[in-house]
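Take a look at the following structure, please.
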């Protein structure tokens, strides 16, 4: 059976067509019309694969807006299943999403999870705001991090306050590279605190779009003192997980729209 | 043994007399990471920052939590569980009157018992000596601050035995005030020395009503002869209920407001320097501000989490211009 | 989808009458929810509860509006939203019974002390503050003595202001009524033990006002006895509060008043029943022991109430509820307005015997509620429990 997993996040939408493995996938920027965004990203994946799906699962913060999905599941469950399918040794998933970041303990499914509190500066959105304050492209943050020699201290937990810290570092003439590394350290320390609330066990897999940023991986490895695995395409892990959850669910003959 | 405390209503004399070193715990600029696994981000930076320090590295073996605000009340448990240190909750009354003074005497006796349980030894002689030395220290600090506040010194002496603190005072040179318009800086705890320095940099001469400033050493001393440990307990109760009024306490006749209004009289402006999420101070702020404005004072509110110095400088400079122009 | 209880209507009637009573009373005391109201009823002084009033405005989704009124006066957005809403109402001349005096007890938080100081300056009426030491570990004798002595002073204070005298007999009678009321209330809540449960915590939230505001009168006794009958009837007829109940949960902290219905529907549509909560159960602790010294018993009861105790006591209370109501998990509301209720929740999570999830919101301030974030956390939690 071919299953589609559609992950509608706050910044990007991802769609994966899946049978025994990924057949095709597509990524698109989210527009205010979430239903249409989901449709577009799905059609694009179908076009690439040349087949359409028999069963569709939606996840991500926009999941409930995808009316054509057969099943809706949260990204927590999906990231757990997705990461486990890529790395069977995975016991912990760290997903840094646009709105939310989470640390998930994985067993057969989700064993426990913790998410950021409201004003925590540990999300993809946070990096976007900071990148724009620094006038650099988000995708360049990883490279800049590598060139840092003395990361600055970002102490505020709130995005607004942290932004003004960044601005004042710029005013003092601090190197952009060091500010970027400081921001990555700030994110990592927030995640580390969340990880402390559950039992963090190796192997740890980092998922979500932010995982592409090598600086975040570097900072997390330093603060957690643990090696972190990153899938080749970390952004689509949630969508893969959604497809796998859907496969299991449909094969059990369940009908409900919720997991 | 080093015994920490956060609230300045903690009778340091008892800790000192027991043979321990009373150590004031203050947050610093360490970013919050470990602490956020234990307490939410809507706790003030003094609570979160102190816990962060304790979870990283702190030279303290036990902590006395003195009842003051809701956050510190809960922090005692969190601290005990998260750091595995010895923790004791000292129930200073929230209400200040003659009935609560009697209760305070019994709580002081309970604290003394606890300190002995921790291996300390409180005798009449040791307690009487600590009481006398602290009075000397406080009177000296008051003189220094009258001339020109020295927060660096104040922070330093809060980390040592009272005897050493008195020596520290002897070896220092009195700094002279540079003058300038006088402001009253009122508020809770400000653990950031570089913020305190800003007011002077901008050209103000500073008088304060802060827990990390004059409220630490402002008391009225009871006139009584000390003949026994019980006398000393009573003395301490009298002394601490006369401590500079704090918004975490309830006084008859709004004594807290009266204190600030009185202090503000000879000042050109008043700065509220408050930590974000500090409920007791923020409840007072609107009505107190109104009363200050009624007597013609200019008022500025500075809300701190981790301070961004340049941003604060701009505000303080603008306030200076408001007062001067 | 939600099955409304008949009691809701009776409660509305009862509370309307209660509010009307306030305007007809000669002496009115504003009082905090954890204070010994029995003394007031024994002296025929009408108790007005600002907390209840703010909760009511919160449920009517007007809380944020009045909170903003207070914010315009300079009260910080980070302060308790019950307090902000109340201060906003007072300065907007919302019709409330004017206080003869104020009566605050810090056994629920120190915030009420500051809040009532603000009120005392606005109304220019005296404030009596009852100071209850915090029981982190054990309840000490000197605590009881201290609170006892203040109760004596309070009676003297109230007598002087109102010119009335408190009769010992009437106080004992009032305490008897309070005891009966609390028992009837507790029995009604305990109906949640049934599987499936005939009530949800949301029904309990809606119907908690009488035990808070009218404790010490006949009204709550009759009201909760009837409520229990209605629930027994549901059980007999096989009516469950939530169709096809599959998951049973416990709620921790003050409800999110402006989202009661939304949350009720959210859980019901997922075959999940919140069968009990720590907030409404806090009043079932208020059982005054029958000792020869009435004021000492009152003192002991009001020192040792749910929020005035340490984390170990709280975790034990939660574990008791977990067992009594046989729940699968706990939904923990991290409430920005209520520090004493919320700080320590991360430690409590590790001490309770079933899985739990934390959602961050506020009891009255709607601006703090992020629907997408909360839906994700709750749905993920339910997926995990399955």
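Just so it is clear, A, B and C label the chains in written order, and each chain counts residues from 1 on its own.
Just so it is clear, a contact is a pair of C-beta atoms (placed from the backbone, for glycine too) under 8 Å apart; a residue touches a chain by one contact, two chains touch by 3 or more.
Treat the numbers as computed from the prediction; the structure is a model and nothing was measured.
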Chain ID, smallest distance between chain and overall C-alpha centroids: C
Pair of chains ranked first by number of touching C-beta pairs: B-C
Euclidean distance of C-alpha centroids - chain B vs chain C, Å: 34
Length of the line joining the C-alpha centres of chain A and chain C, rounded to whole Å: 40
Interchain centroid distance [CA atoms averaged], chain A/chain B, Å: 44
Residues within chain C bordering two or more other chains: 334, 346, 360
For chain B, residues that touch 2 or more chains besides their own: 37, 40, 42
Residues of chain A touching at least two other chains: 117-118, 197
Complex interface listing, chain B residues touching chain C: 37-40, 42-43, 67, 69-71, 73-78, 81-82, 89, 91, 93-95, 99-100, 102-103, 106-107, 110, 247-248, 250, 254, 276-277, 279-280, 282-287, 289
Of all residues in chain B, those that touch chain A in their complex: 29-37, 40-42, 305-306, 308-311
Residues of chain C that touch chain B when the two form their complex: 73-76, 78-80, 83, 106, 109-111, 113-115, 117-118, 121, 129, 131, 133-134, 136-137, 140, 142-143, 145-146, 149-150, 153, 310-312, 334, 336, 339-340, 342-347, 360
List of chain A residues in touch with chain B within their complex: 117-120, 153-158, 161, 164-165, 168, 171-172, 186, 189-190, 192-194, 196-197, 223
Residues on chain A engaged by chain C in the complex (per definition of touch): 61, 64, 73-77, 99-100, 109-115, 117-118, 197, 258-259
